[in-house]
Structure formats: structure tokens, C-alpha cells
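Note that the chains take the letters A, B and C in the order they are written out, and that residue 1 is the start of every chain.
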Amino acid sequence: MLIQQLKQAIEGLLFVAETPLTEQQLVEHFAPENVSRKQVRQVLEELQQDYQERGVQLVNVASGYRFQTRHELGDIISRLWQEKPARYSQALLETLALIAYRQPITRGDIEEIRGVSVSSSIMKTLQERGWIKVVGHREVPGRPQLYATTAEFLDYFSLRDLSELPAIPEPATKAKQPEQIAQIKLEITAERATNEES
Amino acid sequence: MGVAQQQSLPLGFVRGEPVIEKPEDLYIPPDALELILETFAGPMDLLLYLIRRQKLDIVELPILPITQQYMEYVEMMKDLKLELAADYLVMAAMLAEIKSRMLLPRAPTDEEDEEDPRAELVRRLQEYEAIRQGAEHLESLPQAERDYFLAQAATEARELVAAPLPEIALHELALALSQALAQAALLNSHQVQREKLSTRERMSRILDLLQQNQRLRFRDLFDPREGKAGVVVSFLAILELVKEALIEVVQVDTFSEIHVTHRDSIYADSTT
Amino acid sequence: MLIQQLKQAIEGLLFVAETPLTEQQLVEHFAPENVSRKQVRQVLEELQQDYQERGVQLVNVASGYRFQTRHELGDIISRLWQEKPARYSQALLETLALIAYRQPITRGDIEEIRGVSVSSSIMKTLQERGWIKVVGHREVPGRPQLYATTAEFLDYFSLRDLSELPAIPEPATKAKQPEQIAQIKLEITAERATNEES
């Protein structure tokens, strides 16, 4: 077997095998062709050399030789598997909105307004995201925790302070009045405009 | 078709003998007839084989000798594997029909519209031969896992994929509040006082400061840089916090330093 | 982004992606870096050149570009596994050839040409492998299904499109009416269009 053929074969094998291949495994693979260990080693060295500056490189890891992508390409390649972000639930949005606009506020307050219990996972998510934190306790029986928004929250929404939060239409009546809806729409438009500027 | 060929089916080719002419160039032993059968992909394949064996042109399809040879094979098949031979029998019938039509003297009147009875079969044979070529081409094309394998490299990039956090736009937040409040309005009537907002933020900030320091000097809660409005907001926030019993404002003596403490710290020992 | 970096990145991507990548997909992948289609094309050409004589090669099949081992290495590489590669029966190959060369085609057409009834297991195998699919119905009594080959079929046989299939003699024209042919052509065009969209 010509060294050129052996090189192509080893190259192909290393790109196809599910696991890294050791020098020993390669020598055994080419037993029918009577390939020597020295030849295998020579080919492996040449291949390492050939792929030095390429997008994939031949590396010798604990379990043998394998081709792997260049370290520097990590970020660009990881985009292949980037998922689209999920969406937060309405319950989470309302909880966050209440904390933002009515802080400091207890879970009980939120539950009272929303008419449903606040799930612990929502509070956990908001805390993990760094958007809310406990700033104290209300001095009533049970001493419920008081929640407030954080500086990260302001940063995320590009706000200097809470006074920059958009105005909220008063829920004066049971059902939404037409002009109320119009107002909300206007706010959204305004919001978009500012977003685009930034 | 059925009845017409029944009588023209020449039983004489077989002579009812179990010993049949051994196919000359089939490498399969003559007793392994099932295997012979399976070497052909169908009646067209067999027909094509017979034509080729005699190095004949399909277009000149020599219907008499081919029909004879074909029948011999069909007889062998019939004895062994009847269901599989059904397709071969259809072809036999077709051959017999063509043969009988060719043997019939042609009426001179309908000469112009009388097509060669072999034409349709020749067309099918040609097409079948083309498809066999196509099948050979496919067989010779590089096939995955036989001729080539997909090349894959390992990568550490997968570990870099972070589940992206959901995004919220500010207007969604405003909308969410108005929805929550609309809900609240149905339950009872909560007061929304937007002008208090900055006061409430200041309340949060003061509480936050008190988390870090148990005691704060009252005057440290005011930042002169904020101007009069800022001072008023801070003052209102402190009053609100006192009202909500969240902080205590302590002055030991008249004109001495006023301190603000978290109610937490006062009760800390008793509650934990 | 330097062309050298882009080359490494595309090389890496093609070696780790689970499916072939099209020029378009690559252009979109590098949208944040403002890479042009021309640059992507140039890199792909260079890579094909670079790997010409190597154990793996960059090929352009129906669903895009992918790296695969040289055909000549088939025997040596398949030694990695105990199992011998599957061989297809003459009946399956003939059926597949008919669908590939004469598509769209009905079971009845296949039976007529092959002179035997089409075995359901063959059709099932071909469909399970994703090589053929129903693309419509012929507007005759019974509305028989029309079969055609898929992109997976082309991928499997390392083909970019059907025109790359080695030629076979044209069928002797007899049965097909001109309007029938026109109709079939229209269907094929429509099918291609939807394929490209997805």
C-alpha cells in the first residue's frame, strides 16, 4: 500500500469513526495490508501537520486521534444549534409588571390583584434573572417578604429609573374602553420607536 | 384474452416430461429450479435473457423460437411456485397471442391499419432494457455506507450553546400591568396612583439600603443633588415606609441625629 | 471577517453539521459578519479544490455541501463495522430506476414495464428510506398515485439533481398524449418549487 493511499485511508477513517482511534487500532485495521506502526505514525504526523491551519485539526486525546474543530471557531459554530428564545408566560409578565409598578410589594398583594396564587417558579425565575429581589418584610403577621426591582431590571429595559416606565391606563372601568386600547397602541408605537433608536 | 390462448397454448413443448432441457448458460444446478426462478426479476427479464442468449435483436423479436423457450421455463416454474409464475403465465399468454396472430393470414383489405403484433411487446422490451440499464447505473453510483461515509469532526462548540433567555419589551410590561389591573378591577377596585411611582421606587431603595446597613442617618437618605423634588420624594417615601410599619425613625434626644432602622432588625431576634 | 477565517469557519461547520449545508444557509449563518454570497462561494470552491486529493472530499449533493470519504475507500472503511453494507435486490433497483428515470409514475406503469406486480414491501422500503414519495394523482379513473424521487434519494447516491443520473435510452413513445406530458411537467415544476421553499 502506497503511503499516499494509506494517508487517505487513515484520514477517511478518522473522519468516519464514532470514537477516536489509537495508533494501535489503526495498525490493526491495516493488518491485511501489512502496514507498519512506523508508517501509521508517519501518516498521523503528516496529517497533524496538514490540518494545522485548517478549520478542523487532528488532535491526540486520551482515547486516541480525532478530528475536531478549531478552538477559536466555538462561537461561530455553536450558532448552528442556537435555539430561538422561549417566551415568558402572561402570569410572569403580570407579576413582574406589578412588582415594577407597585414596589415594594408582597406576594400576597400580587395574588390579591391578580386573583390567583403566584407560583414559586415565577418568583424564582425573576430572581434568577436578577430582575427582582427581596428588600424587606412587611410588619404584619407572617412578615411577608417585600419585592422590588433591581438595577439589572432597569438596565435590561434601558431605563434610568422607574419613572421612565410607560404610563399605564387606569383600570377604572370593568371592560376596556375603545380609547384605552388606542392609548395602549400608541404607547407601543412610541416604545418601538425608542427601541429602534437605541 | 383467456379463452383464445387456452387452445393455442402448446403443451407439446413439455411433453409432460419431468426431465427438461437444462438451461445452458445458467450456473445454477437444474434441480434448484426455485433458484433459477429467483434469478429473474420477472417475465420481461426472462424474455430479455432468452433473446440475449441467442444474440438476437429485440426489434426483430423471433416470436416462434422465443415463445417455445419461454414456455419451457414457465412449465418448470408452474410445477414449483405457482403464485410467482402467474406473471410469467400472463406473458406466456401474450406470446401465444402474438404467435397466433402472426400465423394467421393477413386480410389484404385492412393492411394499412394492421400493426405488427410484436410492436407493443418490442416497445415494452426496449423500455424494460432501458430500465435495467438504469438499475445498473444506480447500483454503480456511489452509495452511502458502501462506497462513501459521511465525514464528521468532533466539536466543543456544542457546549457553548446557551439556552437563550426569553426577551420582554417594555410595552409588554405595561400591557401586562394593565391586564393585571383590569383583572383586579373586576375583583375589587384597587387604587392606582401613578404619581406615587417615584416614591415607591425610593421606598425600595431605602429598604435596600437598610438591608445593607442596619442603621442609617436620616440625613443620608437625602441627596441634595436631586434638588427639592428629590428631597420631597425621599421624605414621602420615608413617611410611607413608617406608615406601612416597615422602618422606624428614632431620635434619642431633641436635635440629636435622627436614625432610620429597619423593622426587621428590631424583630430579627424574636422571629428567627 | 478575513477570507482565511471564513474558510476555517465554513470548513468546521461542514464537518460538524448533521445535514448538508446549502450556500444559502451558509450565507445566513454568517449574516452577523456581513459575509457576501460571493465570498461563501469562493470559499466553497477553494475547499473543494483543497480536498480534491484527500481522504475526504467536499461534494455538492441535492441538499447542500457535505464532506464525505473518497469512494475508493469504501472497502477499507467499512471494515470498521462487522456488518456488510446492504445490497439491494434487482427488483428493488428496477423499481427505483423506473421511478427515478420516468417520474412521476404510477404503480400501474411500473407493473406494465416490469411485467410483474409491484411488491408492496419494495414500495414500503423505498418510502421508509425516504427515497420516493407521492407527488400527486394521475387524473384517470381510480386517480392512481404518482411517485417521484426525493432529495434524500439524490443525497444517498451523491447526486445534485436528476440530470446527473447516467442517461438511458428514452422510452419509445406510444401511450403518452402530449397534454399528459405537459401536465406531468407542470406537476414536477410545482413540486420542485415547494421543495426549494422548505
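Heads up, the rule we're going with is that a residue touches a chain if its C-beta (ideal position, glycine included) is under 8 Å from a C-beta of that chain, and two chains touch if they have at least 3 such contacts.
Since the structure is predicted, the reported quantities are computational estimates derived from the model, not experimental observations.
When chain centres are set by their Cα atoms, the one at the greatest distance from chain C is A. Between B-C and A-B, more C-beta contact pairs are found at A-B. Distance from the chain A centre to the chain C centre is 35 Å, each centre being the mean of its Cα atoms.
For the pair chain B and chain C, the distance between C-alpha centroids works out to 16 Å. Taking each chain's centre as the mean of its C-alpha atoms, chain A lies 26 Å from chain B. Under the contact definition stated at the top, the residues of chain A that touch 2 or more other chains are 12, 15-16, 56, 67, 69, 73, 76-77, 80.
Residues of chain B in contact with two or more other chains: 149-155, 157. Across the complex, chain A is touched by residues 149-158, 160-161, 163-187, 190, 192, 194, 197-198, 200-201, 203-204, 207-208, 210-211, 244-246, 262-264, 267, 271 of chain B. Those residues of chain A lying in contact with chain C across their complex are 7-13, 15-17, 29, 53-56, 67, 69-70, 72-73, 76-77, 79-80. Residues 12, 15-16, 56, 66-71, 73-74, 77-78, 85-86, 88, 90-91, 93-94, 96-98, 100-102, 112-117, 155-159, 165-166, 168-172, 174 of chain C are the ones touching chain B in the complex. Of all residues in chain B, only 41-45, 47, 87, 90-91, 120, 123-124, 126-139, 141-155, 157 touch chain C in the complex they form.
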